[in-house]
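Every chain is named by a letter (A, B and C) in the order it is written, and numbering of its residues begins at 1.
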Amino acid sequence: MEFSAEVIADFLKGEIVGDPSIVVSGVSKIEEGTPGTLAFLSNPQYIKYIYDSKASIVLINADFELKQQPKATLIKVPDAYEAFASLLQLAEAAKPKKQGIEAQSFISDSATVGENGYVGAFAYIGENVKLGNNVRIYPHAFVGDNVTIGDGSTIFAGAKIYESCILGKDVTIHAGAVIGADGFGFAPSSANDYKKIPQIGNVILEDHVEIGANATIDRATMGSTIIRKGVKLDNMNHVGHNVEIGANTVMAAQGGIAGSTKVGENCMFGGQVGIAPHITVADGTKAAAKAGIGSNVKKKDSILMGAPAFDLSEFRRSFVMFKRLPELYSMLRDAQQKIEDMLKTK
Amino acid sequence: MEFSAEVIADFLKGEIVGDPSIVVSGVSKIEEGTPGTLAFLSNPQYIKYIYDSKASIVLINADFELKQQPKATLIKVPDAYEAFASLLQLAEAAKPKKQGIEAQSFISDSATVGENGYVGAFAYIGENVKLGNNVRIYPHAFVGDNVTIGDGSTIFAGAKIYESCILGKDVTIHAGAVIGADGFGFAPSSANDYKKIPQIGNVILEDHVEIGANATIDRATMGSTIIRKGVKLDNMNHVGHNVEIGANTVMAAQGGIAGSTKVGENCMFGGQVGIAPHITVADGTKAAAKAGIGSNVKKKDSILMGAPAFDLSEFRRSFVMFKRLPELYSMLRDAQQKIEDMLKTK
Amino acid sequence: MEFSAEVIADFLKGEIVGDPSIVVSGVSKIEEGTPGTLAFLSNPQYIKYIYDSKASIVLINADFELKQQPKATLIKVPDAYEAFASLLQLAEAAKPKKQGIEAQSFISDSATVGENGYVGAFAYIGENVKLGNNVRIYPHAFVGDNVTIGDGSTIFAGAKIYESCILGKDVTIHAGAVIGADGFGFAPSSANDYKKIPQIGNVILEDHVEIGANATIDRATMGSTIIRKGVKLDNMNHVGHNVEIGANTVMAAQGGIAGSTKVGENCMFGGQVGIAPHITVADGTKAAAKAGIGSNVKKKDSILMGAPAFDLSEFRRSFVMFKRLPELYSMLRDAQQKIEDMLKTK
C-alpha cells in the first residue's frame, strides 16, 4: 500500500515542506533511509543524517532548525516520535489478525470464548475460563481454571496463566511469561527444613498492562498481587507475591520486586534493578540500571542509583571519588608523613 | 466448609481466648480481616491491627502481650505463622487434585505412569520415562527420554525436563522452568571461535526440592548437577553445570550459581545474588540481595554483602563512608592546605 | 562400544605412554576415575589426582611434567581439553538422533520441511516457514509464520520463535528461549501513560549461534536485531531491540544488553553483566560478572569491572580501599586532630 505525503500530513495534522505528491510504501531509519520509505527525526543526535537521507519523507519536530533544505520531503509535527508511532499503529491495526479456533486446541466445556478471537493449536483453556471478545490465545499458551481475560487481550505463545488470575482489557502477555505461580513462601521449621505456605491468592493485571517475554508475576499468599493499569514490564522481570505496582510504571528488563512491596505510579526503573520486600516506593521514583532499592522511598520523584541505592547525583559524586580512592590514600599518607615530620622537628 | 474455634484449637493444640463456638470459612490478613475469616499475628509490626481486626478468629503467638482484649476470638499457639501454614496446608490437601490422563497428551509406549496421577493435554512423556504415584504433569510439560520422577511430584505447565534427569519425591517444578539444558561449555579454538563441549551428564533433584518459574538448572558436562533435599530456588534462578547445592538451602529470585561451584547446606541468599564458578561456599552462609560471591567462603554462617561480597557489617561501615566520600575529600584537601600553610610559615 | 588407547591416540594424533591395548567404554572426571573409563587432565590444579586415578586412560597436555609414572595409560596431546571435547563430539555425533514427524505436531500446509529432520509432538510450524535439512524441532517449540531455519539447526522443547525471524545453519536454541518478542518500545503520552510502538522488525541469528535456556532476543523496532556467527549466549540472557552482537562473542548467564547497542566481536562477558542502550562496545572487550557497562567502550580488548564499569585493575585497587574506608576515615580524623593541636600550640 502506498501513501502520499499529503495523506500522511493530513492524518498527522502536520505541515509539508517539499513535494506533497511523493509516495512511500514502507518505513526506514533516517540513517539508512531508502527511496519510497518514510523516516523520522526525533533525537537531536541524528540531525546530521537528515541532509543526505535518501528517505522520501521524513517526519520532523516542528521546532528543529535546519541549516539547509534536505532532499527529502518533510512533514513537520509537534512530536515526530509520537507521530511515527501513530503511523506504525495504524499499519499494525490494518494487518490481518489471527482468528478462529485451530483444531488441535483444548477448550474446556465450561469455558466461554468471546467473539472474533483466536485460539491456536495446542493452546489450553481450563475450566470456567472466561475469554472476552477479540482475545487472541497463541499456541502452547496455558490458561488455568477460573481465569478471566478481558476484551482485546493477547496471550502469546507458551505464556502460562495459573488458575483464578484476572486479566483486564487490552492486556498483552509475551511468550513464556508466567502469571500466578506460587509465591516464595516457606516457614522454617526446627529441623532446619521448610514447610511450604500454600499460596491461595491470585494475580490481577489491570487494563493495558504489558508483560515481557519470560517474566514471572507470582500469585499472592492471600489476596492479590496487583499490577495497575498501563504498567509495562520488560522481559524477565520478576514480581513477588502480594506486590502492588501503581499505574503506568515501567520497568526495563531483568528487574525484580520482592514480596509485599508497594511501588507507586509513574515510576521508571532501568534494567536489572532490584527492590527489597515489604517496602513502599513513592510515585514517580526513577532508578538507574542495577540499582538496589533497599528501604522505603518516601519522597516522590526521587532519582536513585547504586546498591544500596541513594540519590543519583550524590551517588555519582561518591563514585568519582571511589575511582580516585588509591590517589586519596596516597594524599592521606603524604599528609600523615608531613605531620609526623613536623611533630618530630618541633 | 466451616470450622469452629474449638476444632481449630484442637487441631493446633492451642488455647482459646474468647468464643469457642465461633466459626470461620476462609482466611484473611489481620489488617484486612472480615467476619467469618481467620487471620494470624506473627510479625510484631502488625500487633497494632489486632485490637480492631474484624476477623472472627486470630492465631497469635502465645508470648505476645496484649494491652486489652481484642474483639476477635484468639487461639494462642507457640508459632502463629507455622500454625497458619499448617491450616493452609490442610485446606490445600483437602482441595480436589487434577487426576487422570487427558486425551490430547503424548505418552511413549515405553513410559510407565504410577497410580492416581495426572497427565494434562499436550504434556509430552518421552521414552522409558518412569513416573511414580501421585505425580501430576500439567499441560505443555516436557519430560524427556529416560527421566525418572518420584512419588508425589508436580511438574507445572510448560516446564521442560531434558533427557535422563532424575527427580526425587515431592519435587515441585514451576511453569517454564528448564531442568537439564546443556551447560555452557565451549573450548576456544585458535580461529577465535568455539567448539562445543557436549554435555553428557544430567541433573539430580532430591526429595522436597522446589524450583521456581522460569528457573534453569543445567545438566553436568559429566556426572551430575545435584540439588540436595529440601532446597528451594525461587523464580529465574540459574544453576550452572556440575554445581552442587546442599540440603535446605534457599535462594530468592534471579540468583545465579556458575559452573562447578559447591554451595553448602542451610544457606540463604537474597535476590539477584551471583556466585562465581569453581568455588566452595560454606554451610549456613547468608548473602544479602545483589551480593556477588567471588571466592571461596570458608567460614560457616558467614553473612555477606556487596559485589565482590565481604562481611555484611564491614560492608555497611564502608558503604556509610562511600556515601560521605565527597566530604572526606574536602576534609583531606583542607588538611593538606593547613599543612602547606604550616610548612610555609615555619 | 569399546575403544583401545591405540585407536584413540591414532584419532587424536597423540603419543601413548603405557598399554596401547587397554580399552575404555566411557568417560569420567580424573578425580573420580573408574576402570574402563577415559579421563583428561588440563587444569594444573588437578595434577595431584593423576597418580592415583583409577581411570584406564588419561589424556594429558604434552608439556606437563610428571614426578612419576601414573597407573593409567597416558595419551599425550597438545591440548587435553580440546582433545577430550573432540572425543565427546565424536560420541555425540554417533548417537542416534530424533527423526521423523510425530503425529501430534502441527505443520502448516504452506511450510516446507527439509530432509532427515525431526518435528516433535505439539511442535507448531506456522505459515510459509522454511526448515532446512537435518533441522530438529522438539515438542512444544513454536515456529511463527514466515520464519526460516537453516540446515542442521536444533530448536529444543518449548522454545518460541516469533514471525519472520531468520536463523542460520547449525543454530541451537535451548528450551524456553524466546526469539523475536516485541522490543520494549513505548512513547510516553501527555496523559502519563504510554503508546505502544509496534515492533515491525525481526531477529537474525547467523550460523553456529547458540542461545541458552529461557533467554530472550527481542525483535527490532525496524530492521533487525542481529546476532553474528558463532555467538554463544548462556541461559536467561536478554538482548534488546536493534542490538547487534559481533561474531564469536560469548556471554555467561543472566546478562542483559539494552536496545540499539552494538557489541563487538570476540567479547567475553561474565554472569549478570548489564550493558546500557545506544552504546558501542569495542571488539575483544571483557567484563567481569555483574559489571554494568554504562557508556561507550572505545578501546579494543578493554577489561572492565564494577557498576558503572571501568578498568578491572583500577577497580580492584579502588575496591581494596573501599574495604578500608572506615580505617582511612580514622586516619583522616587523627591527622585533623594533630593539625588542630599543632595550630593551637603555635
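One rule holds in what follows: a residue touches a chain if its C-beta (ideal position, glycine included) is under 8 Å from a C-beta of that chain, and two chains touch if they have at least 3 such contacts.
Bear in mind that the values here come from a model prediction, so they are computed numbers and not experimental data.
Enquirer: For copies subunit A and subunit B, work out whether under half or over half of the interface numbers are shared, and give different or same accordingly.
Expert: Homomeric contact, different residues on each side for the most part.
Enquirer: Determine how many degrees of rotation, between 0 and 180 and to the nearest 5, align the Cα atoms of subunit A with the equivalent atoms in subunit C.
Expert: To bring subunit A onto subunit C, one rotates by 120 degrees.
Enquirer: From the C-alpha centre of subunit A to that of subunit B, how far is it in Å?
Expert: Distance between chain centres, rounded to whole Å: 26 Å.
Enquirer: What are the residue numbers in subunit A that touch two or more other chains?
Expert: Residue numbers touching two or more other chains: 104, 122, 140, 158, 176, 214, 236, 254, 272, 307, 322, 324-325, 328, 332, 335, 339, 342.
Enquirer: Flag every residue of subunit A that touches subunit B in the complex, lowest number first.
Expert: 104, 106, 122, 124, 140, 142, 144, 158, 160, 162, 176, 178, 181-182, 184, 186-187, 189, 192-198, 200, 214, 216, 218, 222-223, 236, 238, 240, 254, 256, 258, 272, 274, 276, 292, 294, 307-308, 310, 314, 317-318, 321-322, 324-325, 328, 331-332, 335, 338-339, 342
Enquirer: Which residues of subunit A touch subunit C in their complex?
Expert: Interface residues on the subunit A side: 27-29, 32, 81-82, 84-86, 88-89, 91-92, 102, 104, 120-122, 138-140, 156-158, 174-176, 208, 210, 212-214, 230, 232, 234-236, 247-248, 250, 252-254, 265-266, 271-272, 289-290, 307, 319, 322-326, 328-329, 332, 335-336, 339, 342-343, 346.
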